[in-house]
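Naming follows writing order (A, B, C, D, E and F), and every chain is counted from residue 1.
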């Protein structure tokens, strides 16, 4: 199992570094690092883990804020459960499916390194970071435990993305079954293609922190869920779309700020070490894309909707973040602003367009995670076309073609997988709550309780 | 002049409004209410303690109309609110002595519409 | 005062490390560390301090969420004041009571190193981390200031635990007096038994990050407060328990996620250095216990209450966290999942049972912090029985018997202390607000203001 | 552009260090640091950046909480937009105006290092932190990117301060124009006087983390805005002040805790390296001032208002934080407590006094940021009078006189600048919404949406 | 038929409901209200500005009953709501012209119960 | 005895209360309501979907008075609420059969004030 560390995500170096030939630190890593550097790297990776963790609160509040008060308990419960399910299935099998090491079963498409992490006999001293320098596991970037936890926090994210899109009408039990299967099997299996050192990694597909591997993977399942569930009652009346307003803009705003915060770890941690130059560059592109996403969405919303719609502005921020995620390490500062602007503007138009197609997504998850996830992945092929990533045997050149192949490959597996799982559940236990329950609210239907006991609100929708 | 008070299921508000519009009743007031009627409540459980919730969310309409509008209004409310299930609601009709439009000071029949 | 550093919490090393003999870093620490390692360690400890700090916001929102809207200002005010009181009394005396260094007065049971921290003449260069390597204060893990601040953030936690349990009926003034006394005297005095190098430390009692020293200590006082205050008006009518619902599930969820986040620092920081292996292992057991706590509570709640009660699920998360706190460094990955599952399930049953006993605890503080604090401490004796912690003269072997002695010792002092302080206050100034104020809400009674001005809610409870 | 790094904020060392002669680390920095130390320093600075970032969420929730539900969308939108505007203008010109390096144009009063950051040709390997040790940019404390991002997060803060003061009545468009100009031009231009190595830096003005450079700069503009806008409708009726209550105390409390959290980065990061001694000392003084601010405000409020007003207590916390910001590195532990107490007490009295003057500031921004920003800056001259900061050529001695000169200089430019920009906007496009819109709420007027759809609240104010 | 409107203290809602049940009055509607009566308000202080709050939280009941139920209903409300303190509330009784059950279209006495 | 119901603009509540005080009408009850009248609604846009909001926020007053107080009360409401714009609101007056003070059990004219 030691060999595994070598097939972890290839450390992407910022284009800049490559240009300037600043590879001192990179070389050091190949040969392992000092105890001090190991401690810094690992500390950074732990901090990144926390930041990714707090994204789950961000998702929970964004989704609550954009839906009605009568479904809030349900949403919070789903999002809480998903974190637990994500981590526990990742212990059981996800981690070893995603990073199969030498355990490839079908080509470099599917591998498995056995059930369960962390048996005393499975994790040796080197992996856990015990012993003397030079530290070599993960290039000296982190211990086995940090590795597991950081990746485990990512895993749950994919399922959480689905949660928002299918909100306000999906049955709790079936949703949890879906999430368990998707996060235990689908997410890690397809994740191995790139981050596990699989066939897409070998072809030189570039997805730095997961515009495709995390966001689109979640987004495709969200789209499948929306299609099979149908729209919420009252959303489309006689072919006309009607607004179903979210009940708390402060919750939404809290969520978006927390997600941005979390993205510092999502992207910054994906450097897989505390390399000052690489991490800080990634943080800068990430922040600028988020900021530009806000402006892009605000301007577009102001023009299209006459007044700036806060939900659009905040969706735009997330759109910018998803858009930069694939290429945060390789695009230039100016490109990051451009990517953010485009994704922000696209977010507004995409939300409106999907609504016109009567795809009812209460929180805009398909727009933010799927549409902008795809865009961001392709933008790598546009704005960083020809950039050489890595050095030595692992080096590859970014090209639009490969990016497109990557996007299509994930589409080809994740969307059908989502349709299949949701479809089977629909045929068997059913996935949609009764009309009466939907009207009364899932909080009472699924949980027998209310989110805002005592408060008075109109629930005529 | 009559004052019509109606309790309906919250989700029937839009159909009721539409039905009223068709009968040219454009003015009404709406409040949130909690109602207890023939409709069974539901069961909540909070931290292991059960409770039967029997005050259910309702919407209360208040519509002041001239006498000849009473029946059309009642019909419209029934049309919009009836689902045939217990809990559909109730309509109350009362005499209205006077009606004043604050803006103009107009009174009576003219002020109502 | 330099000697103090030697009697700080004994650095617990993960069992794994001991087994594998990976003591390079441990040895390094004994002899002091390089300037770089010192800076990493201290950075990690500062980050942990921030995380523990944010737990206070977590407590504030959990408690607000689980109580009625009419008492929200009061709860927020209590929780804000407690942080201030905790830190300031810790400056004045708490720190020096808890870590008396050589200043033991009564055996190794009570010591005091003098009033006030941080006089220019008291803190010398070595403690503050000024100078050249090797750095030796706290094993090179942190400066004197970091030490103070990290421990000070812990101190306030114990009092905060009480706050939730006595909410919605206790007078503000007396509560603040109670908190001041408890956090200035009781918490640090009994804390010295283990972390200050006192008699329980010498007997080999193991409480890694405070299942007993923090959570039970708070829990016992909470129990005392509940008993002396009596239940809220309308909670038990004719011997039957009635629900008094919390007013905001989003606030509850925000709080629980922030508490989990904070626990990364609470447990992770308790390693007292950035040792990659030890810290990342602790973070992993901590997260898995939290995740398993969610699942344990969710399943139990679904079975017992027919539908999953969000407040129970979230309590279960906290229960898992409290349960793992004592042994996060010494139990195995699989044990951590088991501990989480058990604590989560117990949380649900305990909340119901305490309610049957007519002990009115609006937020479940006694369940989460006391019951699971005790359980977690005993579990160390079960799941890590026989594990040798530390090396050299400080080494000790974990045993169930010693864990039990520890639990009982804290019970024997803290519960009576809580009864005494609350009892004296009850006899003198009174601790409970008037019936009229309780009906109208403490926000108006104690503060003359409302939490949600303008909002309409039924306040018929 | 390399020379720029030498004119960054002079690294302030805690007085203690100077007294004790512990300059090992300081010397090391001058000569550049090892790769490990560079990585630690940069990691710390990145963490600080995140903490400063999350302050923006804190500001957003504080301001929302202290205003009415009908204006919440507007406030959230303003605060979101400001972060974006702040970062993007900082890319375009702010950073290079604030840190002009050798590019001084008018004396040491105004300089500019050219448009845009981060062109591949502009940032060389040394600045980006690529290469081998010793690392020298920023004294080895951070990379160019971290530098930009950390400072960029500060920049937006100044404009955010204004947002709260002018809330509930200012038009969205003109406010955004104001913010853009203020943050792009005024803030960085005057900031260069001290942190950019300008004339006030040369005179020995001490403002560690920005009591004046950030908080007063924002505060002066806030005051200008308040004066030109006039009070909210219904605030002063027949010369009598009437309360307009904030709609959510939980949002307020969340915000204040997040701001305190953020201040760990705001002040802790202003050390500009992870120097254990300096940073942990600063964190301690910062926390104690915040805690003392709470107590100071609580006692004062209890006396003056008869009952403790939560909004005052929480304002007191912020007042303590602003007050310590200028001198967190040079005052003693005991002075920090004293500064906190005074600022907390002053906060209560100042809010009441400004209200008596019919200056309608819904959130107390002028009190917290302007009054306490000035106080804090002057307190440096009181509590750290005569302390020598820095060493060698950059050393200077703190004096009350210089502090006063600094305070007055910023007043002399920022207040008129605020009046000018707001004044021009008032004369041209108008800055105040219509009376009807103000009554109905800016959420509907400016955004065509509501913050709490479905909820019922009285909006008779 | 009569319509009974009652304003009571919020915390008396449960006892009033119980007292009504004992008199076999099972149907009622509840709204939130703010009331201003003989009861003194209380003093709030927000950011140093004092304010006398004189609109106090009340619960408003609306109960449509047949004539013979009027007195039992009034008695029940008084029984459940009276504490003897100012602020206990008030009961108003009005004529009710018509009552319609939406579900069935039934009218009058039959529809009320 | 009469029951006066008035719908006014939310922001006119304070002036109306003041005008009522001047006429020695001290007792009243207030509820939140949504109203639909002659006043045009406004346009909201949520996530690209437009909606015409025509239920506007109103405040509903309920005042029980003795017959001789009816006109002064109406005048006071008009004085406090009128701005001359559409949406100013409406006043309804109804017969009130009985009034009971819960605290004392007093009935009729005495109970009202």
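In the analysis below, a contact is a pair of C-beta atoms (placed from the backbone, for glycine too) under 8 Å apart; a residue touches a chain by one contact, two chains touch by 3 or more.
Predicted model, so just to flag it, every value in this text is computed and none were measured.
Chemist: I need the common contact partners of chain A and chain E, sorted by label.
Modeler: Under the touch definition, chain A and chain E have B, C, D, F as mutual neighbours.
Chemist: Show me the overlap between the contact partners of chain C and those of chain F.
Modeler: Common neighbours, chain C/chain F: A, B, D, E.
Chemist: Given that chain B and chain E are copies of one sequence and touch, is their interface built from the same residue numbers on both sides (over half shared) or different ones?
Modeler: Homomeric contact, different residues on each side for the most part.
Chemist: Let me have the rounded angstrom distance from the C-alpha centre of chain B over to the C-alpha centre of chain C, please.
Modeler: 53
Chemist: Using mean C-alpha positions as chain centres, tell me how far chain A is from chain D in Å, no decimals.
Modeler: 33
Chemist: Identify all positions of chain F at which a residue touches two or more other chains, and write them in rising order.
Modeler: 31-32, 34, 44-46, 94-95 - these are the residues of chain F that touch more than one other chain.
Chemist: What are the residues of chain D that contact at least two other chains?
Modeler: In chain D, the residues touching two or more other chains are 36, 40, 43, 47, 245, 248, 254, 305-307, 309, 311, 448-450, 455-459, 461.
Chemist: So which chains actually touch one another? I want all the pairs, not just one.
Modeler: Between chains, contact exists in these pairs: A-B, A-C, A-D, A-F, B-C, B-E, B-F, C-D, C-E, D-E, D-F, E-F.
Chemist: Can you name the residues of chain E that touch chain B in the complex?
Modeler: So the residues of chain E in touch with chain B come to 3, 17, 26-32, 62, 64, 94-103, 105, 111.
Chemist: Quick one: which bits of chain B touch chain E in the complex? Just the residue numbers, please.
Modeler: Against chain E, chain B makes touches at 2, 5-8, 31-38, 55, 58, 60, 74, 77-78, 81-82, 84-95.
Chemist: Quick check on the complex: what are the chain A residues that touch chain D?
Modeler: Listed in rising order, the residues of chain A that touch chain D are 16-17, 19-22, 24-25, 28, 34, 36-37, 40-41, 43-44, 47, 51, 68-69, 245-250, 252-254, 256-258, 260-261, 264, 268, 274-277, 279-281, 283-284, 287-288, 290-292, 294-295, 298, 305-311, 313-314, 317, 332-334, 337, 455-459, 461.
Chemist: Can you list the chain A residues touching chain C in their complex?
Modeler: 35-36, 38-40, 42-43, 46-47, 49-50, 53-54, 56-57, 60-61, 64, 72-73, 76-77, 79-81, 83-85, 87-88, 91, 116-120, 123-125, 128-132, 142-146, 148-149, 152, 172, 248, 251, 254, 446-456
Chemist: Inside the complex, what are the residues of chain D that reach chain E?
Modeler: 241-243, 245, 304-307, 309, 311-312, 348, 351-352, 355, 364, 456, 458
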